[in-house]
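Pasting in a structure now, in C-alpha cells, and then I'll have a few things to ask.
Every chain is named by a letter (A, B and C) in the order it is written, and numbering of its residues begins at 1.
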C-alpha cells in the first residue's frame, strides 16, 4: 500500500502557480502612494513600538497588554471628541478651534493610556516581581490582563466599532511625481518623529532617563547606586503610555472608525514586530522598525496584488532580517545605548 | 517637564500640519482623475414599503397552546469578532418570541441562546448540546457558512430543523441535509443581480471589485465578477479585521474606476468607503446585504452618501412597526439579518401554534411551509433553498438606507 | 556543572542545612498544596503507580460521570468539551517540550497545529481534490509534515536567542495562517468539510467517531496523551532531556560543557512540532471541519499560556494547564459575554498566587534520581526526608 500511497502523495502536493504573482506594473504605479501611506502607518507603529521597547529594555519582558494601553487611549480620544461634537463628518470649525480640540483629545488620551499602563503594571507585573516569579509568568499575566481589559470594554461598549470621528478633512499639500501628500499624513509623520526625538533625548539626557538606562543595564547595581528601581519601572510604563496615547490620536485620525474593543491587538503585534526588527530595547530602533514595517507591508501589498500579503511580507522580511542580524537592524539595548 | 515638552512639541506639529490643511481646505484633492464624478446616476427611492398584506406574524391568532417546556434555540455568535451580526439576529428572534408569548398565554415558548463565536471549531460543542436537549424542537442558526458546514450533519443525525438567517454559501444546500433551511437567497442569486444593477441601473463602465476573505465575500465576489465580465477593471482582496485600505484605494484611483463593488461585511466596508472618499474618490460604492446595515452609516459617516446596496430581501426592517418594536427591545436600530431572524423564528412559532410540537412534526411543517413573512415569501425547495427571491436595491439618502425597488430576480 | 555529567554534589553538613532551609522556604511559599510534590516523591514507586492508575481510570470515566458544577453544560456539550480539552492538553504537552524543557519561547506553535489539521483535512475531506487516505494514516503523516516544517523553521532561526526567537515563531505562525487564506488549494475560510475519522460503527450502523460524539474522541486523545507522556518522561530522563534542561538553564555553559546545543534545540523543536501536528490532526477529525479561523495568534498565545499556567517544564502540569485553558471559556459559554473576562481574570489570579504555575517543575536529579537519593539518604541521615536534592535553578549548572 505504501508504495502506492507515497508517489500519489507527492503527486498531490498542492502546487498552484497562480496564487503568487508579481505585479511590477502596479508596484511602480503605486510606489509613491504606498510609500507615503506606509510611512504614516509606520509612524504610528513606531510610537506604539516604543512602549514595547522601553518596557522590554527595563524589565526584559514582552508587555502583551500594551495594545490595551493603546486602545484605552483610542477610547480617550473617542469620548473627548464625541463630547466636543465631532462626528462622522468633518466639523466646520475655525482652524484654531480644531487644533485646540485635538490637543485636548491628545491630553485626555495620554492621561488615559498612562493611567492604564500604571494599572497594568500594578496588577499584572508588580505582584509577580515581588514574588520573584519566573519570566514566563509575566507573559501570562499580561495576556490575562489583556483579555480582561478587552472584554471589560466589550461588556461596556459592545462588539461593534464606535462611530467614525473625522477630525479634519485631509487636504493636499504637495505632490511627488503626481502622488498627493495630504495634511493628515504630514501631521502624523512629523508629530510622531518629534515625539520620538523628544523621547530619545529624554532617555539620553535627563536624570530619569539615566535612571532608566541604569536599571536596563543592571538593576541591582542601579539600586546600589541610589536609583529607585520601582519608581523607574513605573516611569517607564508611564512614558510608554504617553506615547501610546499620542499614537491613539493619530490612529483615530487615520482610521476614524478604528475604535473597537479588540482594535489594538493586531496593531500591537505589528508594533512589537517593529520593535524587534529595529532591535528591541533600542529607542531609535523602534522608529526605524516602525517605519520599515509600515513600508515593507505596503510595498509587498502592491507588488503581490492584495492586502492579504501585507503581514506575510512584513513577517517574512522580519524573519530574514533576524537571521542575518540576530539582534535587529540597529541591535543593542536600552542600557548600552550611548549617552 | 517631559510631558510638557511632549505636548508642546505635539501642539507645534499639529499646528504646522493643520496650518497647511487650513489653507488648502477648500481645494479638493486633485491630480488623480476619476471619471463618473458629478454624473452619478440619481435613482429615486421608492416611497412606499410594500408590506406583504398576508405576512405571518409571530403573535398568530392568540389561541396557541403548547407545553411549557417547548423551547426554541439560537445557535451562533454572541461574542467574538462577528458578534454584531449574531446580536442582530437573536434580538430579532427575541422580539418575535416576546410578541408570540404576549399574544398566546396558553403557549409560552422558551428561548435559549448558544454561543459559537461564529467559529466552526467552537460550534460543535454547543450544537451537540442543543440536539441532546429533547425540549429544543427548532433552531434558528447558524449565522455563518463555515460553522453551518461544520455542524449541519449533527442536526441531520437528530432530525432537528434549523433555519439559517444569514449563511449564504451556495454549497450548503448540496450536502443532502434534510434539516437545513435558508431564510434568504444565496450568493448565486445575489451576485448576478448585483452585476446587472451595476452595469444597467448605475451605468458603471469601470467597476473595481473588492472582496474580503470570508466565505461570504469569496462566494459573492466570484459570482459577481463572472456576471460583470468586461465591465470589471480590476479586483483586490482585503482581510477580515483590516483597518487601513490605502493600498487598495491607490490601486482603485490608478485604475480610474467609477464604481467600487465590495463583497464583504460592513465592518471592513465602512472604513473602506470612508477612506476611499477621503482620498477623493467620487464614484459610487456598492455593497451586498452584509454591508447594508445602519452601522455602515455610523462608521462611514458622510462618505456613505455615495453608497448603494443589493439585498435578496424586501425592506422589512423599514416597516415602522417592526422598527419601533425592535428599538424598544434592543435599544438599537434593527441591523443586518434582524428581520431574517425574526421571520425564521416566526415560521417555527406558527408551526408550534398549529400543534407541530415534536421535532419531526416541526420539520415537516417547515418543509411544506408556504406563506409571506415580513421580509419575503417563504417556501423552500427540497434542498432547503428558497424559491428565487427578489433582489432589492437600496441607497443611502440623508443618512438613512432607503429602498429603490426590485433590481433582479 | 552540567546536568549531563550526572550528580557530583556531595553535600557537607553546612550545605545540607542550606538545602533543608531552602526546601522549607519553598514549602512555605507554595500556598495551596503544601508539600504535595514532596510527599508524592517520598511515596514508594508502587504506591505512585497505584494512585496513577486510579487517576487515569477516573480520567477515562469523566465523560460518563459528567460531574455537576464542573460540567460545561448547559452551554456546551460536556463530552465534546472534554474532547477539545484533551486536544489542548496534548498541545500543551508538545509545547512543553519546546518551552518547558528546552526553554525556547515559541509563540507560533499554532502553525504546527494548523499543519496537522490541514494534513488531516486535505487527505481525507471530499472537498479536497487530492488523493484520499484513511484518517488514521494522517496522524503519522501529520506528525511527519509538522516535524519537517519544524526543522525547516528551526534550522535557520534557532540560533536566535530568547525573545527574538519568540517573535520569529510568532511571525511564522501568522505566515502559515495567511498562506492558508491565500493559497487556493487550502481553501481559506471556505474550508474542508467532512474531514475523516477513525473507522468503526456502532450497533445502529452510525459511525462511532462523529463530530457530535465527544466520548470516543476523548478516549482516543487521552490514550495518545498517556503514550506521549510516557515518551516525554523517558526523553526527559535521557541524555537528550538533560541536554535540554542544561540549555534552558544556561545555554553558554551547556555549550562549553560540550552539549551540542544547536542540535538539541532543533530536536526539541522538531519533537514539539510533531506533537503539535498530531494534535492538529486529532482536532480536525473531531471538529470535522477545517478552515483558517482557528489558527490565529491569540490561539497560539493561549497555548503558551497553557504550558506556563500548568507549570513550565512539568508535563503533568502541561496536561492540567492545557485542559484548563480550554475549559474555562467552555464552562462559561452560558454567560457568553463574560467568559473571556473570567478567563483573563483567572489567568492573572492563578499566576499571581502560583507564579511557578499550578504544578511547578523543580530542578531535580533526572537520571537515576531515586537511586542517588537513596544513597545520599543512606549516607547522611540528616538530608531532608523529602529525599530531594535541589540544584539552584538558573545559575548552578554553570559554575562547577
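By definition in this document, contacts are C-beta pairs under 8 Å (C-beta built on N, C-alpha and C of every residue); 3 or more make two chains touch, one makes a residue touch a chain.
Keep in mind the model is a prediction, meaning the values are calculated, not measured.
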item	value
Longest centre-to-centre distance from subunit C, chain (CA-based)	B
Closest chain to global C-alpha mean, per-chain Cα centroids	A
A-B compared against B-C, more contacting pairs	A-B
Rounded Å distance, subunit A centre to subunit B centre (Cα mean)	33
For subunit B paired with subunit C, centre-to-centre distance based on mean C-alpha positions, whole Å	41
Residues within subunit A bordering two or more other chains	154, 306, 308
Subunit C: positions in contact with at least two other chains	178, 181, 337, 340
Numbers and ranges of subunit B residues touching at least 2 other chains	79, 213, 239
Interface residues, subunit A side, partner subunit C - complex	5, 8-9, 11-12, 14, 16, 18-20, 56, 62, 64, 123-124, 127-128, 131-134, 136-137, 139-141, 143-152, 154-155, 265, 269, 272-273, 276, 280, 306, 308-309, 311-312, 315-316, 318-319, 322-323, 326-328
Complex contacts: residues of subunit B adjacent to subunit A	1-3, 5-7, 9-25, 27, 29-32, 79-81, 83-84, 87, 213, 236-239, 241-248, 250-251, 253-254, 267, 270-271, 274-275, 278, 295, 297-303
List of subunit B residues in touch with subunit C within their complex	78-79, 112-115, 119-121, 124-129, 131-133, 145-146, 149-151, 153-154, 157-158, 169, 175, 213-215, 218-219, 239
Touching residues (chain side subunit C, partner subunit A) in the complex	29, 99, 105, 122-123, 129-131, 133, 137, 141, 156-157, 159-161, 163-164, 166-168, 170-172, 174-175, 178-179, 181-186, 297-298, 301-302, 304-305, 308-309, 312, 337-338, 340-341, 343-348, 351-352, 355-357
In the complex with subunit B, residue positions of subunit A that touch it	26, 29-30, 33-34, 37, 40-41, 87-90, 95, 98-99, 102-103, 106-107, 110, 154, 158-161, 163-164, 166, 168-173, 175, 178-180, 182-184, 186-187, 190-191, 194-195, 198, 202, 206, 208, 239, 242, 246, 254-258, 262-263, 266, 298, 301-302, 305-308, 310
